[in-house]
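Same chain, two partners: chain A is paired with chain B first, then with chain C.
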Partner chain A sequence: MQRRTRAFTGLFLTAPLLAFLLLAYVLPFLGVVRWSVTLPEPGFSQYRKLATDPLALAVLIRTLRICALVTIAATAAAYAIAYVWVRGTPLQRRLAELCILIPFWISVLTRAFGWLALLSNRGLVNTWLQGLGVLAEPLTLVRNEFGVVVGMTHFLIPFAVFPIASAMQAIDGRVLLAARGLGAARLRIFWRIFVPMTLSGIVGAALIVFVFALGFFVTPAILGGGHSVMVAELVYLHMFQSPDWGLGAAISVALVLVVGLLMGLLFRFARPAGLRASR
Partner chain B sequence: MHQAFQQDCLEMLAGRLERGEVSRRRFIQAATIMLAGTPFALRSTCADAADKTLVFVNWGGDAIRSYDQAYGQAFLRQSGVTVRQDGSGPTEGAITAQFKSGKPTWDIVDADPFSAISLGKRGMIEPIDYRIVDRSKMRRGFGWDYAASTYFFSYVIVYDTSRFGDRAPAGMADFFDVRKFPGKRSLYKWGAGMWEAALLADGVAPEKLYPLDLQRAHGKIAAFRPHVVSYWGGGADSQQILLSGDASMALIWSTRASVLEKDTNGQLKFTWDQGLISPGAMAVIKNNPAGADTAMNFIASAQDPHKQLIAFELMGQGPANPATDALIPADKKRINPMDPANAARQAVLDMGWYADNYGAALEAYTRLISA
Partner chain C sequence: MSANRPGAAALATAAVVAAFLLLPLLAVVPISFTPARFLTMPKGSWSLIHYRELIANPDWGRSVLLSLRIGVVSSLIATVLATLFALGIWMARPRLSALLVGFVLLPMIVPPIVSAMTLYFLLTGLSQLTGLVGYDTWLGVVLAHVVMIAPFAVVLILVALAGVDRRIDLAARGFGATVTQRALRVILPNIRFGVLMAGLLAFVLSWEEIGVTLFITSVNAITLPRLMWMGVHDNIDPAIAAVSVVLIALTTIALVGRMMLHRTQA
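For the complex of A and B:
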């Protein structure tokens, strides 16, 4: 009985949010779905076009490739940061905290331009490397896919830290002590005990990063050299520049389906630490 | 293309205000002209429109909005006509939606001439009334049926003298020649002007550009792609690409080019040779709420050369009224895209061609650069 009351209270408390999402997101999105099957004429022609359109396919494949690279890089970096944050000395923990929080206060635009300033031909990195005599000609580090991956990884690391840190915090320290007592070396404890116990956090972090990365717009636009690098820019192009709302809508719907599928997998198999209700 | 250009002018202006190069008063004046034509002149022409509101739809910008308000109230006091600025952006889609609603709430839009022409052909734009708007205050060929030119800018070559020494590119052939002028290039993301540049480089005579041979232009651009480091989408972006040394040459807006030349003390230089002139315009939505006459009076008021001079001084936009050219001080004539000496070296984008072909051409161009 009490359980039911609690469930009801929970629903009651979240109702405004649900109503807001319904009005501000679900309903308009249904409009987008409608465009995708009615513009310019009723039917699924836009989806057929999407499946055979070389530009859309090239951009989709590039999007998936960039997102996969970013996911691996961001999750790995976040794991190291989360480890220091959870298990470091108080000073290390404070420093890690700053490293995680400060990027949140700086706009995504500023950070993208920051990377431009660092990595461009007359940027700090190239100037130093040339000054040290390592390079004769500047390396092209931005306005290409490499630049996009660097910028996106930097942006997404903090989002990956939280689920991983939460999984690390949930580990009972006595388990590690027990492993130690039984004679396991530090590396062995890390790989055989610690990492497997944080696996749900890793999967959760990776999925959050991947899903977030799929919709990136500003960072690839600035660091990617201007042409439509990723799928969100392609949607923008079809919506605003070469008005073809049907195709733009079809791409949006396809993107949402991919994200939905991934989220479904996430909740079904991974039960990620960061997204699990605390008990 | 023009949407971004308009925003860019306001962005540059806000920058100058911050650095104290422009007084706040001057800034409000200029923003007002940019956003609402030249409303001061409306005092006389629209005295009969006492309780009317005129909605001018432009491309917005956060920094500007508060100034709009300052202006809007002042204007109401002075003339009794409330000019309400709406920064929601008159895209072709939005204008279509306005018209199709049956009861448009917009009066005047700041639009690309070719957009206005193509929408006008579909009956959504009021024809310009040349009994009110004065054709003699326009350059020949820039008073279209559905759009009145309000300013000009150009796509010009900017080059990095630290890379080329005394050598300067003489036109598009040099721009596309990386052996003669080594280094990367940057092109405009939204195609306009780039097709013309490619064709000029390929040896097409300026007067024989139209109708554009898109296949030939795209062939030239496709072969050139490895040398293009970036396709810029906005003015700040284009400036950054050159300043960072990522490109040794770029085709950018003349408004930004003159700023670059000044700010780098001539390390970056621009040339008018084979520049591509592009007009901006105002258009009136069919069945606009304030009535066509009020809107036309408004457009006519923006033809005043003295107002256009202010717009030129602050934003480097070429004046639509040729009478303004003479008012420009001698040391500034170099940066006026429409100065006779400069215009003679350039070619003009044909808005009629763009009205019929821009959508398909841009689609093909985007495919080319994004694949």
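For the complex of A and C:
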């Protein structure tokens, strides 16, 4: 009797969101999958094209290269600032928190625009360098791959900070004191004890950054300026500029498969807090 | 503990990262005062024309109002759906709860470009049935935003529920409280802060959403990020710098204010 009430309550309360997402998300996604095998003609021709077309392959390789660079840069930078956020003096911690949270809450558009303001031909960096007489001609810092990597790293650092900081918080300070008591030097404690103990946070952060970077659209579109097209922008181009919906859909399906694989890895290393909480 | 404070090298590295994080936000400030019509530094003469433009051009005000309306409606719907869902998971603890939670978090994990294409498919389909909820309508944007922001609300509310002592719910059940009474009178009051934060996060996420909005709107439902996109991507308009300065200032005030509030409480 009680079991049945409980099951009924669970069903009744969870049904609205489940039904909503089923109708508004899963079914339309199946529609996209159908596009990928029916447009322009039935069959897997779009997937074959995706695997053999030199342009699509070039975009794929560029995407992986950019994602790898961004993952390394953002995870390393996040580690440095998370360290001060978790272990600094109260003032240092407050300053680090502001430096992480202010960019985190500001929209991706504003942040990409900030990099344009800084790096474009008439931006701050070029104006200063030319004013100092260091440069005769402005350096091309955006509308290329460099700009995309910088902008994406900037966007993703806060997302990498959270898993790393929670791994650092979980460390028992007495372990570090014990190491010190046994005569280990500062650097040795950091590299041999502290970093290995936060490995799960590092792996989690790197996977989150990589997954987010893979399907990124806004920052590459603005800072790449069409010269450094990534997978997501390729989908956009196939939807709106030179319509080939079948190919766009095929790329989307392939992206979902890759992300699914990576998320499987993530769950092996670090379970997101939300899921752990539901247990 | 204090023996293991960050050393000089760690502080210096963190300071470089902090500068990297803040520089692009500071860079828009001088640009916003340029008298030119294109993105450039104000050399000598500073001007407020781009701030005046924000007030003079009705497009900006209209898009702010539209974004507010969409943000309020979609965050309310998403928070209600997420709260019900999280309560169901917490109270009934179904055997498949990990799977169910994983399922509702999908829109958060799937690349935004794929969600954009999916929702484009949905809304262009709905457009053929009704003109009310469809491609390039404000209700269509609400529908898409609910899909995108509900998972974040679910995570925040589940985290809040993880902090609730199950014994108070057991006690209420022991005294014969019905499911509704338990949910409304016992559990919800204990997680009201978490629900509030979930609603706030959902609102902010809807207010800034561009990745999906870009695909499902064209000329009618121009939200603020959609309007900014046109000013950044299609042609670089210094008015975007003025908008950005306003948004950055609001965010900074809110965060510093919150921090001061916490300090006085502590």
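Please note the rule applied: the second predicted complex is superposed on the first by the 242 of 279 C-alpha atoms of A that agree within 3 Å, B and C clash if a C-alpha of one lies under 4 Å from a C-alpha of the other, contacts with A are read in each partner's own complex, and residues count from 1 in each chain.
In the analysis below, contacts are C-beta pairs under 8 Å (C-beta built on N, C-alpha and C of every residue); 3 or more make two chains touch, one makes a residue touch a chain.
Everything quoted here is computed from the prediction, not taken from an experiment.
Of the two partner chains, chain B and chain C are each touched by A:Ser120.
Of the two partner chains, neither chain B nor chain C is touched by A:Leu39.
Set against each other, chain B and chain C differ in how many residues of chain A they touch, and the higher count belongs to C.
Once the two complexes are laid over each other on the shared chain, residue contacts for A:Tyr83 go to chain C alone; chain B is not touched. Using the contact criterion defined above for the overlaid structures, shared-chain residue A:Leu237 touches chain B, although it does not reach chain C. In the superposition on chain A, A:Ser228 makes contact with chain B only, while chain C stays out of contact range. After overlaying the two complexes on the shared chain, residue contacts for A:Leu156 are found with neither chain B nor chain C. In the superposition on chain A, contact is made by A:Arg143 with chain B only, not with chain C. Contacts of A:Val59 after superposition on the shared chain: chain B is touched, whereas chain C is not.
Touch criterion not met for A:Leu247: it reaches neither chain B nor chain C. When the two complexes are superposed on chain A, the residues of chain A that touch both chain B and chain C are 113, 116-117, 120, 122-123, 221-222. On the chain C side of its complex with chain A, the touching residues are 1, 3-7, 10-11, 13-14, 16-18, 20-25, 27-28, 30-31, 38-41, 81-82, 84-85, 87-94, 97-98, 100-107, 109-122, 125, 143, 146-147, 150, 154-155, 158-159, 161-162, 179, 183, 204, 208, 210-211, 214-215, 225, 228-229, 232-233, 236, 240-241, 243-244, 247-248, 251-252, 254-256, 259.
Across the interface of their complex, chain B is touched by residues 54-55, 58-59, 113, 116-117, 120-123, 138, 140, 142-143, 221-222, 225-229, 234, 237, 240-245 of chain A.
Only residues 5-7, 9-18, 20-21, 24-29, 31-32, 35, 77-78, 80-81, 83-84, 87-89, 92, 94-103, 105-118, 120, 122-124, 127, 154, 157-158, 173, 176-177, 180, 186, 189, 211, 214-218, 221-222, 231-232, 235-236, 239, 248-249, 252, 255-256, 259, 263, 272-279 of chain A touch chain C when the two sit together in their complex.
Put simply, chain B touches chain A in their complex at residues 91-93, 186, 189-190, 228-233, 237, 240-241, 243-246, 359, 362-363, 366-367, 369-371.
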